[in-house]
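Next come two complexes built around chain A: one with chain B, the other with chain C.
Let's turn to the complex of A and B:
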C-alpha cells in the first residue's frame, strides 16, 4: 500500500513515516500542502493520512485538492482537537478520524479498512 | 416575632445582601418606605383637610342653627310677654276712656268690669280707682284696700308723667307675688284719675313655660337689677339675684355665651320687654344644645378613622406587592447575570483547557511516535539486540502517553460541549464522563462511588453541555458534603416511556428542613465561610428546568441527601428550538 502522510509537525510526520515503512508500507510525507500536491502529481497513492489543522490549507481543503488529482484516493484524518466521535458526528465527510496521539496498530487497521474495495 | 416574620416581604430582609458588580440596583426597603409615605401623604392629607373643613363647617352650622333657634324662641317669648302686658294695659285704657269717673266710682259697675276683664283676660285679681290725690276711691277685689293712699308711692308719680304703669313682681300687702298695671285718664277739666289692676303672675308664669326649651333650658324674667321675677327650673328662686351679668339695654333680642357656676358653657338669650321693668332671660346649656353635634362629630371621626384605616391597608398592600414584584424581578435579573457569568466562566475555562490540551497533544504525539519508533527499531531491526527491559520501559512510556492522551481527549470533549446544542445523548455516558474528572478526588479522599446503571436507558435528545454542568454541580456538592471515606451512590433508571431518572445519594452532613426549602434560591448557601456563592444549585435548578426536567431533594441532617433528577426523553418545545 502506498501512503501519503501530510502533517505540519515535521518530527511527527517523519517518525510516523519511518514506523509505517518498517511495517512494509510505501510512505511519502510532506509538511506543506503544496509539497503534498506535488507528490500526488508525481505518484499514485492508495491512501492519504492528513492532519486536520495545518497552516494555510486545512486537511479538508487539501483533501479536495488531492481528489482533483487522484479521484479514487482514500483519506484518514488526524486531529489534535476533540474526540473521534465528535468529529464523526460533526462532519459530513465519510472519512476516518483519529485523535493524536495515535496508536499505530489502530492507524494500520483503519488504513486497511479505508482501502477495502 | 415569629408571626411577624411570616408577613415580612422577601425584600425586607435582603436589602443589603449583595455587593459588587451584581449588587441590587435598588434599596427596596427605601423604595417601599417612600412609596408608602408618598401615597399616604397624597391621599390622607386631602382627606384629613376636607374632613376638618367639614368638621368645622358642620360644627359652626349646627351651633349657629341652635343659636338662631334660641334667638327665635327669645324673640317670640319677648313678643308674647309684651303682648300679654300691652293687651291688659289696653283693656284698662279702654275701660277708663269708655266709662265716666262716676260710673267707675260705683262698686257694682267696677265689680262688673272686673268680672268682664277676668273673663276676657286671665289674671285680673282686683281693680281700683284712684283719684288725682292718690286716694283709692273705689276698689273691688279679694282684699280691703278702699281708701288706701298711694300719693307717696313712686309708681303714682311715674304714671302722672307717662300715662301708664307696669310694676315689677312684688309681694305687697297681700304677700302673694303679683304685679300691677295702671292707666291714667285725664278729664276735660284737667283733673285725672287712675284705674289700677293687680294681675296674678300664675298666667304670666305659664306663658313662659309654654316655650319649648329642649334639654336643661330655662326661661324666666328678671328686673333691670337682675332680680328674678318669675319661677325658674334650674336657677335661684323668685326675688333672688341671677348668677349672671345683667345684659346691657338693647332694643333687640341678644344672645351671648357665658360660663355657669360649675364652669359649664351656657348660652344666654336676653330681651328687654318694652315699656316694662322686665328682661326676658332664656338660659341653655351649650352641651345640651350641641347634643346633635356630638353625634355628628362621632360619625365624622368614625368615618375618618375608618377611611384612614382602609386607605393605609390598601397602600401597604399595594406598595408591598409592587415592591416585592420589583424585588423578585431584580432577583431574577441578578440570577440571570450570575448564570451568564458562570456560563461564560465555564466556557472560558473550557476554551483554555481545550487550547492547553491541543498544544499538549502535538508534543505528546511526537513522544508517542518517537518511543514507538525506538521500539519498532528494536523489534524490526537486527542492529540492536532485543533487550526485554528496554521494550518494557518503552511500553511504559507508550502507556503513559496513552493515558495523557485520554486526559486531553476528555478535556477537549468536555470543552467542546460547553457551547453545544441539542444532540443525541446517553445519560450513563455523561455521568461517566463527569465522574472521570472526579475520580482522582474520590481516590484521594477514599470516597466510594457506586454506579448502578441499566442497559435499557435510551439515547435521547438533550443538551450535553448543560447535562454535564448539572451532574458536575450535584456530584461536586455531594463530595463537599461528605467527609473522607464517604459513599456516593448513583443510580439511573428509565421512568415510564417518557422520562429517565438519575438519583445521587451521599452519606454526608445532610441539611436541616429550613435549609432544604431554600437550597434552590439564588445566593442561599450553607458554605459561605468556605467560599460558596449560593449559586450552584440555583443554576442547576435553572438548567434542569430549561431541559424540561425536575429536581427533588430529600435530606436528613447528619445522615445525607438524595438528589433525584427527572429528565424528559423528549425535550420541551422551547428548548428544542434553541
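Let's turn to the complex of A and C:
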C-alpha cells in the first residue's frame, strides 16, 4: 500500500512515516499542503492520512484538492482536537477519524479497512 | 481587596472572559496533544527498533540518540506551554494586580501563537524603552488584547507580521498592534463580541491609525 502522510508537525510525521515503512508500507510525507499536492501530481497513492488542522489549508480543504488529482484516493484524518464538531466533520468526510496520540495498530487496521474495495 | 469596578468585572469575566478562557484552554490542549503524539511515535519507534534487534537486526545508535533527543525537546516544549498556561490561569486571581505591559502582551502573543501560525501569520512583541508597569485587572486586559488579535487575524493577509508595541504615553500606557492590512474605518463594528464590555470594564479606549495600519489601545491607568 502506498500512503501519503500530511501533518505540519514535522517530528510527528517523519517518525510515523518511519514506523509505517518498518511495517512494509511505502510512505511519502509532507508538512505543507503545497508539497502534498506536488507529491500527488508525481505519484499514485492508495490512501492519504491528513491532519485536520494545518497552517493555511485545512485537512478537509486538502482532501478536496487531492481528489481533483486522484479521484479514487481514500482518506483518514488525524487531529489533536477531540471536539464533537471536528469528529462530525471528519467522520462524514473520510473513512476514519483518529485523535492524537494514535495507536499505530489501530491506524494500520483502519488503513486496510479504508482501501478495501 | 474589593473596589467599585468589581461588579462590572465579574459580569465581563462571566461572559467574554469565560469564552476567552475556553478558547485558550482548547488551543493549549491541542498543542499538548501534538507534543504527546510526537513522544508517542518516538516511544513506539524505540519499541519497533528493540523488537527488530531481538530478531537480529542491527540498530543504528544515531537513530536511537535522535529519538531520545526528541523526548527532551518535546518535554521542554510542553514545559513552556504549561508555564504559559499557569501564568494565564493565575491571572484570573488578581482584580487589581501589578501588570508589566510587555510581559503581559508577550504572554498573550505566546498563547495566540498557534492560531496565528494556522493563518500563516507571525506575532512579534517589541519591548518598550522603559518598563510599563501599572495596577489593573490582568485577565481582562489579556482578554481584550486577544480579541484585538482575533480581529487582526481576520483583517491581515497570510504571510503577514503583526507587531505588538507597548509604550508609556502622557495619560498612561498604549499598546499598538501594527501590520493589520485590512484596517479601515469599519474596524469598531468588526471587533469580536464582548469587546465593548471589556473596554468599559478596563476603563480603556481603542482607536486606529489607518495610515500606519495600527490598532491602538489606550489605557488611562496609573503607572507604577
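In this section, the second predicted complex is superposed on the first by the 107 of 117 C-alpha atoms of A that agree within 3 Å, B and C clash if a C-alpha of one lies under 4 Å from a C-alpha of the other, contacts with A are read in each partner's own complex, and residues count from 1 in each chain.
Just so it is clear, a contact is a pair of C-beta atoms (placed from the backbone, for glycine too) under 8 Å apart; a residue touches a chain by one contact, two chains touch by 3 or more.
Worth saying up front: this structure is predicted, and the values here are computed from it rather than measured.
Novice: Which of the two partners, first being chain B and second being chain C, lies in contact with A:117: first, second, both, or neither?
Specialist: A:117 sits against neither chain B nor chain C.
Novice: In the superposed arrangement, what residues of chain A touch both chain B and chain C?
Specialist: In chain A, residues 9, 11-12, 15-16, 18-19, 22, 80-83, 99-102, 104 are touched by chain B and also by chain C.
Novice: Help me check something: in the complex, which residues belonging to chain C touch chain A?
Specialist: Where chain C meets chain A, its residues are 26, 29-31, 33-34, 36-42, 44-45, 48, 52, 67, 70, 73-74, 117-120, 158.
Novice: In the complex of these two chains, what residues of chain B are touching chain A?
Specialist: It is residues 354, 357-358, 361-362, 364-370, 372-373, 376-377, 380-381, 401-402, 404-405, 409, 412-413, 416, 423 of chain B that touch chain A.
Novice: If we count contacts the way the header does, which residues on chain A are in touch with chain B in the complex?
Specialist: That would be residues 9, 11-12, 15-16, 18-19, 22-23, 80-83, 86, 89, 99-104 of chain A.
Novice: With touch defined as at the start, can you tell me which chain A residues reach chain C in the complex?
Specialist: Listed in rising order, the residues are 9, 11-12, 15-16, 18-19, 22, 53-56, 80-83, 99-102, 104.
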